[in-house]
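Shared between the two complexes below is chain A, which has chain B as its partner in the first and chain C in the second.
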Partner chain A sequence: MSAGQPPLSTQPAKPQARALHCPQCGGAITLRSFQQAVTVVCENCHSILDAKDPTLKILQQFRAITGELKPLIPLGTRGKLRGTDYEVIGFQRRSIESDGVRYDWHEYLLFNPYKGFRYLSEYQGHWNDITVCKDLPVVRSAMVSSANYLGETYRHFQTADATTGYVIGEFPWQVRVGERAIVTDYVHPPHLLSCEAGSGETTWSVGEYIYPQEIWKAFNLPGKPPEPVGVFENQPAPSKVSVKQAFVAFLALSIFLLGMMALNDMIASKDPVFTSTYHLLPGTPKGETSFVTDVFELKGRPSNVEVKTSADVSNNWIYLNYALINQDTGRAWDFGREVSYYSGRDSDGSWTEGSRRDSVIVPSVPPGHYYLRIEPEADARHPLISYTVSVRRDVPVFKFYGYAWLALFLPVLYVMFKALSFERARWAESDHPITLQTESD
Partner chain B sequence: MFSHVYLIYGFMVLGLVGMAQYRGWSMDSMNEVKNVPRSIRDNPGAYRSIYSSYHHYTGGK
Partner chain C sequence: MTQPIANCPNCGAKIVFQWSSSVQTVCTYCKSILVRTDVDLKKVGQVADLPPDSSPIQLNTEGIYHNKAFVVGGRILYEYEQGGWNEWHIVMNDGASAWLSDAQAEYAISCSTPGLRLPATSDIRVGQHYNWNGQMYTITVITTARYRGVEGELPFQYWDKDYVTFADLRSQTGKFATLDYSDEQPVLYLGEFVEFEDLKLKNLRQFEGW
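Our next item is the complex of A and B:
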C-alpha cells in the first residue's frame, strides 16, 4: 500500500494485503482481495496464478505483445467512488474485431471488503461504472431485440465475440488471456446492460455512463483524463433538451399562434373604403395615362391598407404605378404592381402562369383623407384592359403568422437535428446503424 | 432550461407578430414620399413615380 492513499471504509477491522511470491519469477505478489481472489497475475512475468492454491500454482503464462500496458488507474489505487471506498485490484484489456478492425477496451476491477466488486470500463475516454445485475433481465426478441431490467427497457446495441488480451492484478474468476466470450450489449442511456456468455455460464451486468472527471476526482489521479473520442453506446446526449419537450412547447406555441390568427381575423375591421373599375384603352400612349381617384377616408389608429387589383388580362400584362397620397399632409406611399396572366397548351398539356389578381399591403398608414394616383402601363399592342382597384383598411396579414410559425419551428428543427446527429453517431458502431434512405443507394 | 428559453423566445415571436399586426406593418416593398404637392390632384402626370420604367415580364411558358 502506498503512502498517502485514502483509507478504506471505516468498518471494524482494517484489512491488510497479503504478500506472496511468484513461483515463476520470485517477484512479489500482493493479494488485496484476500479469499475473494481466484486468480492473480504476476506483474513481472505475466504468469496467471491460482490464488486459491497455497503454492500459487501457475495456470497460464502470457507474453504481453504490446509491451507493458499501463492502466490509467494504477493497481492498488484507492478512492471513494459514489460514496464507497474502493481499491483497484485488477485490470484487463479486452477486444472485439469487426470488419477486420480491432476495438480495445479496458476494465478495472474495484474491490471493497464489505461491498464486494465493482468494475470500471474505459473505451476511448468513455467510462462506465458497472456492477453485476441483482435480477435476471428479460430478453424480448422482436425486429430489434430488447431486454427489460428493473422496469427499464434496454435496446439491443451489439453482439460481439470478445477476447481477453491482457490481464494484470487479481480476479474473482478463472481469468485467462485468450479467453473468449459472446458479449451482448443493450442500451438505455445512460445505462448499459451487458450479457456475457462463455465457458458454460452467462453473466449479466449493468453499467452507468460516468464522466472521466468524476473518476479522476474519486481516485485523486494526476493530470487530466483522456478526452473521450466519438459517442459511446450509452453516453447521455450532451444537451439536456429532449425532442419531445421541444415538440410539446412548439405545439403549445403553435396553438397559441393559431388562436392569435383567428382572433386577429375576427377583430380586424377589413373596412372597404374604396373600389372602382377602370379601362385601359387599346393604344393608349405611355405617359399620359395617369389619373387620380376620388378621396376616401381612412379611420381609426395607424394601421395597414390593402390595395387590391384585378384585371381581365389574358396572355398579356398590365403594370400600375400607384401612389397612395394623404391629401392633408402630402405624405405618399409609392409602389408598382404588375398583373399578368398567361395560359396555353403544349406537349405537357395545358398550363397557366401568373394571376389576374394582385394585392399589396401599405404599412402603418395614419388616419386621414387619401386618394390614389394611378398610372397604368401595358404592352404597346394591348387590347382593352379593364381593371378594378379596391382599398381596404386594417386587414390581417397571414404571412406574418407563416413566418412566425417558421421562427418557432427552427429551434425545434435544430434540436431535432442535434439529437439525430448524436443518435446516428451513437448507433453508427452498433448492429443497427441509423441510415438515411439516400445513403443506401 | 431549453423549454424556458424556447418559451420566452416563442412568446417574443408571438409578441412581435401581435405588434406587427396591430401597428399595421407590411413586408411589401414601397417607397415613402413626403410633401407631395396638392397640385398632383389637378395634374397627375406631374408626379414622378420611382416605379415607372419598370421592366415588365412579357413571357409566359
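Our next item is the complex of A and C:
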C-alpha cells in the first residue's frame, strides 16, 4: 500500500437527510435526524420500520382506527423556537382512559443536529415545551406526594397508564403502537415534571406551558391555533396579579392610609373654640328653654366643626336641638342630638345602654363669627340635668379611612376568589380535586 | 511540547502524535490502529470504516470548558439498541485528558477518577445509590453497548472490543458518572452535563441544510 498524497480533508461529507422508500408500500420516507433515527414510521401505510436497518425492516404495522390523524404542525416543518431552529420529525398520539373515557394528547418530536431533541405536547389546545431532565428529581411521599427538581417543589397531579395509539415520522428510540407506560405528573405552574416508567427504563422530563400563538409564530403556521379548552394542569393563572401580589399591594396601601391618617391628625388644628356648661330643669315648658351661646370665631379655611355634648344623665335622656348660626351671614346649620344612658341588673348581670357623651361633625363650615342656639328637652319627671357643650374647629375624621381601607380590600377578595376558582378547575382533573368542605356533622 | 514523529509501520505514512500523553492513534490513511512502544509504533489492529453517525463534533473541534481551551483528539464510537454515542477524547490546554460524550446531542464532560471503590459488574442494578467524593449518584441505566471503532489519539490502548457494559449515573445537581466495564478493572468517570452553547465549540461538523 502506498502512502500517496494525503487526502485534502479527512472530514467526511456533510450528513444529509436521507430519502428512502417504504418496503411495504413504496412510499417516500425521509430520515431527517440523520443517523439518530432508531424507528421510522411510514406516513402512508403506517408501517413501523427499523431505521438502523439498511433495508428498513418492518417491525410493526398498525391501522389508524380513527382515520388519518393530521398533526397540527406537519412533519418536516422548520421553525425557530426560543432562539433555536428545530424541525418536526415525529408525531404520536397517546391516551389515558378514565371512567371509560379516552383522553388523547399529542406529542411532536423536534430535532436540531447540534442541540438535539425537544418535544411539544398538545392537549385540547394547551401546549407544553418539554425537554428531558438531566438532574434527578427527588420524590417525597406524603399525604400528597411531591417532587423536588432544581430547588422547586412540584405537587403530584396524576398517575395514569398511557398508551401509544398512533405514530408517524422518526424517533431516536424504539416506538410501537400499543406501547404502555405509567406516566406520573407533578406540577409547579408554569412547569410540569413528568416521570415515565415503561419497559425497564424511567425517564424524567420537564415541561413549560407555552401559549399556542408562540408556536404558530415559531413554525409560521397558517390560521389560528385551536382555542384551549378548560384549565390545564400546569397552566399559569391568567390573572396578571397573584394573591400574594394583591396582599403586598394591599399592605402597602394600608400603610399609606395610616400615614395619611397620621398626617391628617398632625395638620388638623383641633382648635377648641368654645365650651360651656348649662343646666336644664326638667318641667320647664317647651319653647322656654331655648337660648343662644356667646359668639366664637372659626378661623382658617372652610373646614369642619365638632360639637360635643356630655350630660350627667342616668336612666334618663336629654335631647338638644342645635343650630350653628353664622352671625355675619345668618346662615344656619340645624341638627338634633340625643344623650341617653341607662343601666341596671338582670338575670344576665349588669347592663348599660347608651352613652353620656355625644359628638357630631358639621362639615365645610366657612370661617367667621358663630354662635349656637340650643333648645334642650328632657323628661319632666327627672331632676336637674347638667350638660356641657364644647366646640372644636378642624378635627380629623377617620371613618373615611375605614371606608377606603374596606374598598382596598375588595380587589384582594376578588383576586383570591378568581385564584381559588382557577385552582379548583386545575385540580378538578387531577387525582386530588379540591373539594369545599360539605360535611354536615 | 514535543510532537514525536514516526512512520506508520503498515503504510509508511507520517504519523504525528499531537499530545505526548497519547498512547494510541489511528493512521488516517490506512486506518491501522497504532500503539506507541518505547522505540517505535506497533500496529495492533485495523479500523473498519466507522459507521456513519451524526455527532456535530469531529476531530480537531475546539471548545472551552471551565475557562480552559480544549481540542478533540480522538473518539470511541459505541452502538446500542437505542442508537449510538460517541466518547470524544478531549485534551485541555494544560495537557489533561477528559471525555466529552455525545449521546443524541446530550453532552457531558467527565474525567477518569481512580482510587475509589467500585462495584463489580455483577453487583450493579438500576436505582442503586453510590457516594463518591461526597456526591450522591444513582444508577439510571445499564447499557450493553457494541464497540464500533476508534478514531484519532487516545490516552490508553483501546481496540478489538466487542460488547461493553456501562452504568450511567445521575445526581440531583447536574453531576454525571459512568462506570466503564471495558476491562477487568472497572473505571469510574465523574463529570457533569454541559450545555452545547456553553462549550463555545468551533470547527464543528456541518449538516446539509442546517
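By definition in this document, the second predicted complex is superposed on the first by the 268 of 441 C-alpha atoms of A that agree within 3 Å, B and C clash if a C-alpha of one lies under 4 Å from a C-alpha of the other, contacts with A are read in each partner's own complex, and residues count from 1 in each chain.
The rule we apply is simple: contacts are C-beta pairs under 8 Å (C-beta built on N, C-alpha and C of every residue); 3 or more make two chains touch, one makes a residue touch a chain.
No experiment lies behind these values; they were computed from the predicted model shown.
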| item | value |
| --- | --- |
| Which of chain B and chain C A:211 touches, first, second, both or neither | neither |
| Touched partner set for A:38, first chain B, second chain C, both or neither | second |
| First (chain B), second (chain C), both or neither touched by A:323 | first |
| Touched partner set for A:114, first chain B, second chain C, both or neither | second |
| First (chain B), second (chain C), both or neither touched by A:173 | second |
| Touching partner for A:85 - first (chain B), second (chain C), both, neither | second |
| Chain C versus chain B, contacts on chain A by residue | B |
| Complex interface listing, chain C residues touching chain A | 8, 10-14, 28-30, 51-54, 56, 58-59, 81-84, 104-106, 126, 138, 140-141, 170-174, 176, 193, 196, 204-210 |
| Contact footprint of chain B on chain A as seen in their complex | 239-241, 245-246, 249-250, 253, 256-257, 260, 264, 268, 287-288, 290-292, 302-305, 315-317, 319, 321-323, 325, 327, 330-336, 338, 340, 342-344, 346, 351, 353, 360-365, 371, 373, 375, 377, 379, 394, 396-397, 399-401, 404, 407-408, 411-412, 415 |
| Chain A partner contacts - residues on chain B that touch it in the complex | 1-3, 6-7, 9-11, 13-14, 16-18, 20-38, 40-41, 44-45, 47, 49-52, 54, 56-61 |
| List of chain A residues in touch with chain C within their complex | 1-4, 6-7, 10-12, 14-17, 33-36, 38, 52, 85, 112-117, 132, 134-138, 148, 172-174, 200-202 |
